[in-house]
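Below, chain A partners chain B and then partners chain C, in two separate complexes.
Take a look at the complex of A and B:
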């Protein structure tokens, strides 16, 4: 039997390279979801990993780091929060 | 695919039309924190306005320690910057405690300098409960009470008992907090 493909739809899924079920410590939303101020997960609401190996939604950690009382420290371990290369 | 989009748009239009207020980040986070809360029998929350989860009271009834037998009420006020800012906690009664002043302000490290957004309401509540089990003389808000605790623990205990039943300690009258 010969089959002639007339049309096809490609479907793909994606997820961040993170252990499943892990949540952002700041907003407690899944890493696979987005921060509470965004609507859809994806490149518009990325994750960030610190040198201390703690991860957050970029938007969540930015609003923490940008306030004075944070003193630039990771909210998990209180080490200086620097972006891992 | 296109159908999903139009459905989504309809949904958004519907929720906008019904005038539903957008749930804020702070509300979402508080909702999660409250869902994870496992209060022991010595503590109760009360929501004066059930639609407003950002303002509630917590009652602590210690079942051991020097403050056993009292019922202590705290107002929790959470602002829209939560969890980046800690909740504001105020004791509603005038009580004799080294770490709570006569206006109800509470000295607890995680409510001020040591707050971080990965802490949750449970951590604050456990911290408050701990203050009644182990009042701490080294970081006082009520200096006289702290001094009493440091110099004469038995005398401090007596002061706690008389203050809790609505009596005077050193010419200051305290609220009755015993049931």
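Take a look at the complex of A and C:
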């Protein structure tokens, strides 16, 4: 039997390059989901990786770092939080 | 919903799902940021199997900011249970910012509900004297005597305040064993508002009432054994030793004062036990009335019983027979037949599930009438089970039957002292090779005898 394709729809999925089932240590939402203040995951709610190798939603870590009591430390390991290059 | 409530909802659900034996949490639907937590005193500490309750208030900024945590199991502000848990309720913990901590021990947004509760639980150690700053390495003879004396009084007050007083309070009992006469409450027909007890116009939130009653029944033998052991170590009416870090006196006091009186605790704990048995009995009577009045809960349990019966009849894995006692849908009698080729072979075990008209707010009371020798079933025949089956749900009555069967058929259980409610059997089960053999022997004997009780 010969099949002739007349048209086709391309469907793609994406996910962050992160281990599955991992959650953001601050909001506890999957990295594939977005932070609690955003509606859709994606470029509008990006992830960020620290030099200490801990990752968060950008919005989550910002709300923590902007606290004076945070002293600029990573909430997981309490080393200075710096963005990995 | 903002960020803090979203995260809290998630954390609450996680803890409630996890069947954690050491911690429980609850809140009113109307105020998710006020959480009640219950910590079970860790095994092999003077706090063993006590019920310690805390309030936690989470700010809008959570998790950027820490919650405010207060101990409420304090005998009305008169008992400091731990160097770091004050009579006034203050919980000194560096992650909560209520204690000067080393750098790196302060609050961070990666901390949360569960990590706080685990930190508090770790304060309840086997030698709490060392928690007091400056006493970490105190090792003089005087300190050693104090350490012992501290443990002795904590054990007494754990039994007296966190267990006995709490249960008496739940059951409307006075310390002398008589009942407090309460205005009859309007029967709420099993809706969730039954968790609110009207007491002189003030609404108390008692989310752990049913849980504590069931755990009390699990640990009853352990409590009694503890009273017997402790009784030997002190004399009646001996005053508690004051610790150097405790401050005595009046309303500003922050200590643990009192006298040992184990004979009284023994009497009170037995009264509670009787009252709980009467309560379970009375559920059957209330149930019959609910059946006559055609209440929803009666129809619900009747239907669940019929469905469960069909399920087990069809099931090839479980071999059991179920019937209602006196056609009462609130009392299920289950006869379980031990399967061939297992250590239950030839056994016939009968257990009863008693349901409340407030089911599932009040969970069933399960008890074997066949005498059992099993490390997870206490001398009174009460099993330390969890709702089981493919989809364990506390409101699914069948899950409770499945949970008991899982317990019976379990082959290689992990050691968890919190489910080892039969002291004698547990000691043998987890002992030397010879002791394990002795356990198996006694277990088989109880299986073989089981048929005589049918």
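Here, the second predicted complex is superposed on the first by the 82 of 85 C-alpha atoms of A that agree within 3 Å, B and C clash if a C-alpha of one lies under 4 Å from a C-alpha of the other, contacts with A are read in each partner's own complex, and residues count from 1 in each chain.
Operating definition for what follows: a residue touches a chain if its C-beta (ideal position, glycine included) is under 8 Å from a C-beta of that chain, and two chains touch if they have at least 3 such contacts.
Predicted model only: the values in this text are computed from it and were never measured.
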Joint occupancy of chain A by chain B and chain C, clash or fit: clash
Contacts of A:25 with chain B and chain C, given as first, second, both or neither: both
Which of chain B and chain C A:63 touches, first, second, both or neither: both
Partner chain in contact with A:76 - chain B first, chain C second, else both or neither: both
First (chain B), second (chain C), both or neither touched by A:33: neither
Stretch of chain C, among 57-65, 273-281 or 381-389, that runs into chain B once the two complexes are superposed: 57-65
Residues on chain A lying within both footprints (that of chain B and that of chain C): 25-29, 35-37, 60, 63-64, 67, 69-70, 73, 75-76, 78
Residue numbers on chain B that touch chain A, as the complex places them: 24-25, 28-29, 32-33, 83-84, 113, 115-118, 120
Residue ranges of chain C in contact with chain A within the complex: 1-3, 6-7, 10-11, 63-65, 103-104, 106-112
Touching residues (chain side chain A, partner chain B) in the complex: 25-29, 35-37, 60, 63-64, 67, 69-70, 73, 75-76, 78
Parts of chain A lying in touch with chain C, wherever the complex brings them together: 25-29, 35-37, 60, 63-64, 67, 69-70, 73, 75-76, 78
